[in-house]
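One structure is given below, represented as structure tokens, and several questions about it will come after.
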Amino acid sequence: MADHVVTYRESVAEGIAREMRRDPSVVCLGEDIGAAGGVFKTTVGLFEEFGPERVWDTPISEQAIVGAAMGAAMTGMRPVAEIMFSDFLACCWDYLANEIPKVRYMTGGQVTVPLVIRTANGGGLGFGAQHSQAVENWVFTVPGLKIAAPSTPSDVVGLLASAIRSDDPVVFFEHKGLLAGKGAPAPDGHVVPFGEAAVRREGGDVTLVALASTVPLALAAADRLAAEGVAAEVLDLRTLIPLDVAAVLRSLERTSRLVVVEENPYQGGWGGTIVSVVADEGFELLDAPVKRVAGANVPLPFADALEDQVIPTVDKVADAVRSLATY
Amino acid sequence: MADHVVTYRESVAEGIAREMRRDPSVVCLGEDIGAAGGVFKTTVGLFEEFGPERVWDTPISEQAIVGAAMGAAMTGMRPVAEIMFSDFLACCWDYLANEIPKVRYMTGGQVTVPLVIRTANGGGLGFGAQHSQAVENWVFTVPGLKIAAPSTPSDVVGLLASAIRSDDPVVFFEHKGLLAGKGAPAPDGHVVPFGEAAVRREGGDVTLVALASTVPLALAAADRLAAEGVAAEVLDLRTLIPLDVAAVLRSLERTSRLVVVEENPYQGGWGGTIVSVVADEGFELLDAPVKRVAGANVPLPFADALEDQVIPTVDKVADAVRSLATY
Amino acid sequence: MTETTAVTDLLALHETMAVIRRTEKAAHDLFMSGLVKGTTHLAAGHEAVAVGARAALRDGDYAFATYRGHHHAIAWGATPEECLAELMQRSTGLNKGKGGSMHLTKAATGMLGSYAIVGAHLPMAAGAAWSARLRGTDQVAVAFFGDGATNIGAFHEALNLAAVWRLPVLFVCENNFYMEYTPIGSVTAAEQPAAGRAPSYGLPAEVVDGNDVVAVRNAVARAAERARAGDGPTVLEARTYRHYGHSRTDPATYRPEGELERWLERDPLTVSSIRLRSAGTRDVEIQAAEDRAAAVVDAAVATARAGPPADLREAFTDVWADGGAAWRTTS
Amino acid sequence: MTETTAVTDLLALHETMAVIRRTEKAAHDLFMSGLVKGTTHLAAGHEAVAVGARAALRDGDYAFATYRGHHHAIAWGATPEECLAELMQRSTGLNKGKGGSMHLTKAATGMLGSYAIVGAHLPMAAGAAWSARLRGTDQVAVAFFGDGATNIGAFHEALNLAAVWRLPVLFVCENNFYMEYTPIGSVTAAEQPAAGRAPSYGLPAEVVDGNDVVAVRNAVARAAERARAGDGPTVLEARTYRHYGHSRTDPATYRPEGELERWLERDPLTVSSIRLRSAGTRDVEIQAAEDRAAAVVDAAVATARAGPPADLREAFTDVWADGGAAWRTTS
């Protein structure tokens, strides 16, 4: 096992397949997910193994996809719906913002909505303004949705297990830039609980809080900083809701310095909420200003070199940490 | 003029009418806005004055409403589209998130999109989970949209003037809870520029940053606190984009204490972004933890008493300020 | 299900319609006196659609309704007391006071919710029907919606998906000829907003007298039979009329003079009385049913009113399936 | 506009189609060699739709296209050089390198953008048509879209609004029988995904041979005439086929054997050559036109390739109409 590695992409299909084998109420639906195996090849093999009664190709109808998933979830199924690019969550936003997260509450707990909406998130691939956004912050504005965004292949499997077994609705972000990445396969029966950040690297000088694509960025920056004598701790949040604020505060007890690294735009990014919790409950822990390395407040440009200007990079993370060193 | 007062509601129609008189390219569209004068009576009189070629009733088709407004704005008109309740922005979110704010950028500046989307925002009226949300934070996640949210009748007129004359797309939030409120009418030719917060009350002990519905709340809390010897400064942001961070930092230079009062939920609320700017650029100004009084992270319940539990109230603002007094 | 209806059945339907009518009258009066707040959208005039549909269906069949959903909730078994307690923000309300008039729900009997965003529930109903098929039950799902809802994107997506997947779902339009204040004809390209769109999805459609509970019942029975036989969805367009304005205190001045009066002549309760009489039911029996309805609702008003207010702790329950609302860890 | 087409006109259309074909071949080769990154959606096979439509319209008429929009951009006057420079991320690109293949736009000639969210541009085209009417011009707007787009909500809302308002807009579907990898028939309830839906909006529709530039031109001319006469929108469904896979390196293995070959026999350039020949044009003239096209594109590749890379400062321009990207005040 030591040197057997799998891709993040394969792990998506593997994570879904494990749950489909375990629980016959798990069904998949989405555009081109069947025989075609998905546009990102993240559902390869499911149609072959489970057939057309459990893996359903849909029309280009994002509202019908998630709306039908909701109706099915309310009546005994555990649908896993794919929205091809996370940008297209905008096409069914009513379901994410107004229907799915609210129906349990507004009916006084009469119904549960155990569904997962999987979607390919994020930039760095030159897909332009409408196919590159990191939109986990859109979902983060909506109470009532759980949010997972794995950074490693085994977390993909483990978080998918939690997501599909969850009786609450989950939005599951698969980062496009990580799909080809490799890592250790998930052990049998692997389950990663929601709301537990992982310490990816320990360090006593500064806490880097990261998610999905920004985890490898933060780790690379930490490598670089180590050479300069700065020991950065890297925290991978893994889920945004529930949010493991306790882990952030714990880390700050030792480091007293915080840099949040997030791909979504600075304005309205989830990092703002984390910083505000820290500036309230962790105020006395802080020895220096808090930094956020986030997407710029612009749409995403097509050209690689332009895109690099506006999304987080290792350089930007390292620079942010260095700017705190003077404190 | 001293004792002549107008309602916030009337000021909406007045603000639109002034611009329609000035500029023949301004046209309105929306559901029931014509002869019916709008569900909130905020377009009363426009159909009578300007007729059916400038005030258009639409089907219940939020995507077509804002999509058509976008096409018209790109070709020489200045449409003012109404989305009845701001919750329904979810039904046309693709246009707000992916189309309107991005087309100028992704075409390299080839087109402009001078449109206004007006919408009734916010809670406190017992309309339940799907008709009560304060969703300015949804829009705040999207670079490329300007955001106005007036708190007084004359600001309604003045900010509408700026919004309709703006060559950039603007989302204009009219707070349902303020519609019946009264205030001095806007003088002739009144224009309130975007990006200029108003100091509604001066005070040296703590800065309360507020917007729309939370402005009167913050003022009421400031009254109460004054009796306890605490002098609160109340800042009305008026626009979220552009965001007058400079005004916040200026105020903090004197007060060193910050409480942000926002109606949208704490998770992903705009206050988080403000706090993160302050925790970075204003870190050395702060003498105490920063507090956010925001909506609770739950859907909005119907019963008034329950709704009070989860939206900002004067009590909650006053308590937050008091909790800082020990510093 | 035959197309004839026993007199006793019809009297029961009449009584249910009377219960709905009386409940809504109470809601209106309580709104006017300030005991019901927020908003209400009364369905008076539409009763035959909900009651007729329910009568044609089986226990366990699903319903999805709109903000104008009192009649569907009661037809699906919610009691007037539960409904009125909800409107009066009581902890004894159908939704514990957390939903209100626009979100009445009785999941235990398959009434899976009232939704206040126009058209949003159509895909959900398709999904519930898909689920029934996946689970191998013979349940059907019905979505009730207005004429105005036929112009929103979700309508199109739901009908297409349901048609392609041949789902056991019924799309029942209550065409009352108005959206809020705008006549539907002025903003709709099809003369029959729902039925006229069915061919676009290869679906059978029927226009039915929405004020005749028996006509509705028979049409829904036919559609349900097709659905259970695996022949897919049907579109029904029930022509009806709302007696009150759109919501709250809307005086409905946008209606042409005499229109309401003409429709009142065809009030579903009148239509049903005539039918009962012509089948031999005596006026006293009809009156007795209406009196029972009145008594139930009067008692419901009193009990609901006396109920405890919504429990403040409920503001922070039911976000998650574990009952709570925790969104973060605490140290 | 008469329905006959002068030979010289037809030769010009043939040449434009050849330019598009050659430009896309270049885009494909450059993608394979790594000089074009991100993604491309080639329209090879669809040329006759864009070129035929443009030929039927006037300067100033608006076009709205999709991520598969190279042919529309070029038909509306974008040069191969501008397009290829954009694909190669050059500052000389049509969109300064900020848009890419999916967002080609030539606003100066009325080509108001390529949009990458399926169906989103249909309401925009309706809006541009509305604007033309409000401004009292006789412009028309045309939206090009795929068969797959007919199942999304925005399609429904746009067609209904355009029909009710009788807007001068043309809805031109390029039915190539596939969405990405899924045959359209398997997910669409109407046999003709666009034309079959037109009756739902009371709109006239025509199914046209999308590989015959003259047929397209004539159909669009008829529709434009109706639109300019105030008779409202038309739905055109042009049956065509894409020669490449959906995007990037898709090998399109989901197609039944022989399907591509059958369609290649009806390649729009072949169809147009046959028509030219039968109208008396000599092979050398046709060859000369194609050679000119090749020369233009070869030069365009060289020039585009030699152009300067996207200007890094452009990352922070064009958010706002003032040219900048400031979202806050600074002290």
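In order of appearance the chains are A, B, C and D, and numbering begins at 1 in each one.
Convention: a residue touches a chain if its C-beta (ideal position, glycine included) is under 8 Å from a C-beta of that chain, and two chains touch if they have at least 3 such contacts.
Quantities reported herein were computed from a predicted structural model and do not represent experimental measurements.
**Q** Among the chains here, which has the CA centroid at the largest distance from subunit C's centroid?
**A** Following the centroid criterion, the farthest chain would be D.
**Q** Please state whether B-D or B-C has more C-beta contact pairs across its interface.
**A** So, comparing the two chain pairs, more contacts are at B-D.
**Q** Between subunit B and subunit D, what is the gap in Å from one C-alpha centre to the other?
**A** It comes to 39 Å between the two C-alpha centres.
**Q** Per the centroid of Cα atoms for each chain, what is the distance between subunit B and subunit C, given in Å?
**A** Chain centroid spacing, subunit B to subunit C, equals 35 Å.
**Q** Suppose each chain is reduced to the average of its Cα coordinates; what separation in Å results between subunit C and subunit D?
**A** The separation of the two C-alpha centroids amounts to 45 Å.
**Q** Which whole number of Å gives the spacing of the CA centres of subunit A and subunit B?
**A** About 30 Å, centre to centre.
**Q** Two-or-more-chain contact residues of subunit D, please, as numbers and ranges.
**A** 95, 97-99, 103, 115, 117, 151-154, 157, 160, 164, 186-188, 314, 319, 325, 327
**Q** Give me the residue numbers in subunit A that touch at least two other chains, ranges are fine.
**A** Within subunit A, residues 58-59, 61-63, 87-88, 90-91, 94, 98, 105-106, 128-130, 143-144, 241, 243, 267, 296-299, 301-302 contact more than one other chain.
**Q** Which positions of subunit D touch subunit B when the two form their complex?
**A** The contact residues of subunit D facing subunit B are 62, 64, 93-99, 103, 105-108, 112-113, 115, 117, 120-132, 134-135, 141, 153-154, 157-158, 160-161, 164-165, 314, 317-323, 325-331.
**Q** Flag every residue of subunit A that touches subunit D in the complex, lowest number first.
**A** Residues in contact with subunit D: 31-32, 34-36, 39, 57-63, 87-88, 90-91, 125-131, 267, 296-299, 301-307, 309-310.
**Q** Of all residues in subunit C, which touch subunit D in the complex?
**A** Contacts found on subunit C: 151-157, 159-160, 163-164, 186-190, 196-197, 199-203.
**Q** If we count contacts the way the header does, which residues on subunit A are in touch with subunit B in the complex?
**A** Those residues of subunit A that touch subunit B are 87-88, 90-91, 93-94, 96-98, 101-102, 105-106, 128-130, 135, 137-138, 140-144, 241, 243, 260, 264-276, 278-281, 283-284, 286, 288-292, 296-299, 301-302.
**Q** Can you name the residues of subunit D that touch subunit A in the complex?
**A** So the residues of subunit D touching subunit A come out as 37-39, 86, 89, 95, 97-100, 102-103, 115-119, 148-149, 151-153, 179-182, 186-188, 254, 309-310, 312, 314-316, 319, 325, 327.
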